[in-house]
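By letter and in written order, the chains are A, B and C; residue numbering begins at 1 in each of them.
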Amino acid sequence: MDMQFFGLLMYAISLATMFGIYGVLCLGLNLQWGFAGLFNAGIAGFFAVGAYTTAILTSPESPNYLGGFGWPPLLALPIAMLLSGLIAWPVGRICLGLKGDYLAMATIGISEIIRLILKNEDWLANGTMGISTVPRPFESLGQPRGNIAFLAFVLLVMIILYVAAERAWMSPWGRAMRAIRDNELAAAAIGKDVVRFRLEAFVIGSMVMGLGGALSAMYFKFIGSSATEPLLTTFLVWVMLIIGGSGNNRGAMLGAGLVWLIWSGTELLTNRLPAEWITRSSYLRALLIGVLLIIVLQRFANGVLPEKPPRRIDS
Amino acid sequence: MEALAEFVNLYFLPGVAVGCIYALGAVGISLIFAILRFAHFAHGDVMTLGAYLAYSLVASLGWSVYLALPVAVLGGALASVAIDRVVYQPFRRSPGIIVVIASFGVMLVLRSLIQLFWGVDVLNYETGIRKPIPLIGDFRLAQKHIIIILVSLAIAAALHWFLSRSRMGKAMRAMSDDADLARISGIDTEKVVRWTWLIGGGLAAAAGVFAGINSKLHPSVGWDLLLPLFAAAILGGIGKPYGAIVGGLAIGIAQEVATYPWISDLPLVPPAYKNAVAFFVMVCMLIWRPTGIFKGRVL
Amino acid sequence: MALLEAKGLVGGYGGMDILNGVDLAVEAREIVVIIGANGAGKSTAMNALFGLIHLRAGHVTLDGADITGAAPNALVGHGMGYVPQERNVFRTMTVRENLEMGAYLKPATQARVMEQVFTLFPVLKEKANQPAGELSGGQRQMVAVGRALMTEPKLLMLDEPTAGLSPLVMEQIFDRIVAVNKAGIGILLVEQNARQALAIAHRGYVLATGRNRFTGTAADLLANPEIGQSFLGG
């Protein structure tokens, strides 16, 4: 095969895979913010729980950290989700009866603490070195087939999530959730258990974020503290959801695709900069993302694909 | 006696200094919450900005960092007013949580600008260690801690005078009590908002400079303090500036004192986990008394 | 020329319109009462006059100058004072500070006007250093009225200042309103105690579902049997 074509193909596959992973994260955040109006400022934490759980469960045994247990990758996914949910549950329990700002502060807190533990407890996850022997499913198929197969798997996960989220959106559960989001008092007045509904959205959303982390660890075959930087997880995902259109599952995925294109497209550009600027280029990109977020919030608060009132299922 | 002196010199008094830094930052968060009704996530990065402004003066003009402090305070104050004009003002009538997302954006912008202009290396205001100054008996206090504590005390006194005596300070309390009623009384609420940012941003810059003096300077110096700042604001009752001062001191002292070898020869809480102490306090408050010790606003 | 004149006010709180074309006027030195059922839009109309609600149509003039859509704090500077129906004191601030906030735009005359307010409501002087949130309902209303007077208005707008007060205190408040009016201040008053209010008023409006229903002198309204039945409790 032509080398250049091969390179392009691999690049396209990596773009698409990252799109799928971010799509999963955005769908998770949309469950929380778009459905229920819950502000989660600690996506990085739930992402990390999912990613490290997968790494520890699936990597080959090592003297440097807990496990690894060498599990088959697919078996690790549900455990990763479960653990993320288990951490989200008490956080939600404590904060969801309070004003939204408290949840924001508490989630940023829990995510920083999780990252702190993972960074400092060498026995648990090899500290700052991280775990670099995470197996990726379908690897045995070789390049590029294995990569394509993994891409297909990631996209399949995203699509399953999308279909499930769409169904949830149109279900009575989704309708109650939006009623609570838009007018908490009125919803409570007609007998909705506001805190329970919110807790469900928060926990499920966090589990999806854990799933995103798990997929990411598999894809990079590595997880370390650099990979859970809030910039790449928390912030980027928020920007994606707001730009794509919160409250719209298709918008969430579209935002993931658009912003990831911008993010990696600017990487191509900045790599042509003079050498001393290349190191700084990542800051330029962060600057760009920040400015983009503010402008979109001010001018196009509904995103590219705004939320639509759901059609009735029977019509 | 020696053990007590060691405890006070190495844990308690440094904790007071750290607490002063938290207090300065948390006051701004609380004031902004009281007036604008949102948790300002970019506050840590305003601190960082102040710290680097001071660094520029120290590095390029050879100023003492204490001379650079007022300039940095002014810079942080004006930058905050400017950020409010450009970013937050269009959101005045939006739900608070939208503004929180916008402050996420500000956080990214500020941090990346700092990284672009000043780089990511760890910096110091001055090199060399000074001998601690003896107080009474075995008690001694590092010079930097003395200055941090004294300046913070002066700022707290000035703030108290401002809020309880000055016309603008009272208008600020009025607006935090009820913004519509303040408007009906003739108070120009946009002017109050500008003053809020001036004060909050200025105090944040001071806190940032002190944080740099206390340890080192790096682009995430403010971000790393965000969690204890929120904990301090919640502990004091969010929206209560005086509460934030107490909360800041309490969290600062608790964090340092928790690293004392209380039980075995090892620190009770490893120094790397200081922030976990703040988080623990935050969680306890959220569970048992989310209004804070001074009964803050809204649940 | 009327002190305050509003024509064709249409607007509400975002979604539906609450006001569907309301006209109101207050002449100088006049006491005007607005009555109407709960939810008729009385408070909404007051808020609209004071620039707290976005109007979709209609305009408001004060002494002939167009003040439609002006900011509330600017209106205070033009001589309008307002006591809203709810949340009308700064609960965390002392009585004195509440009054000071009323004088925010007029610090020069603050001391003098505060003495006048204390003369009008002596109990406020006793409680000057107590947080307003700790006062009784009637005392709070006095603080609210006092705060509005501190702005030295030409026109004082009061939304149900006697709600929930005992007949004695209610009468006190009405007395004070008359006294204030005698000093040359125009009064626009929303009241549920319609009979008593009309007794001190010059003219009155009856609002229903965001529209003017009846307009007339206080005597005419009191005499109108239709109004008597539906709005004055028989």
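Going forward, contacts are C-beta pairs under 8 Å (C-beta built on N, C-alpha and C of every residue); 3 or more make two chains touch, one makes a residue touch a chain.
Just so you know, these numbers come straight off a predicted model, no measurement behind them.
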| item | value |
| --- | --- |
| Pairwise touch network: line, ring, star, complete, or other | line |
| Nearest-to-centre chain - CA centroid comparison | B |
| Chain whose Cα centroid lies at the greatest distance from that of chain A | C |
| Busiest interface, counted in C-beta pairs | A-B |
| For chain A paired with chain B, centre-to-centre distance based on mean C-alpha positions, whole Å | 31 |
| Averaged-CA centre spacing for the pair chain C and chain A, given as whole angstrom | 54 |
| Whole-Å separation of chain centres (CA-atom averages), chain B against chain C | 43 |
| Multi-chain contact residues (two or more partners), chain B | none |
| Touch list for chain A against partner chain B, complex | 37, 39, 41, 94-95, 97-102, 104-106, 108-110, 112-113, 116, 120, 231, 235, 238-239, 242, 280, 283-287, 289-291, 293-294, 297-298, 301 |
| Touch list for chain B against partner chain C, complex | 167, 170-171, 173-174, 176-178, 180-189 |
| Chain B-touching residues of chain C, taken from the complex the two chains share | 50, 52, 71-73, 76-77, 82, 84, 87-93, 97, 100-102, 104-105, 107, 147-148, 151 |
| Complex contacts: residues of chain B adjacent to chain A | 33, 38-39, 41, 87, 90-91, 94, 96-98, 100-102, 104-109, 111-113, 115-116, 226-227, 230-231, 234, 238, 270, 272-273, 275-276, 278-279, 282-283, 286-287, 290, 298-299 |
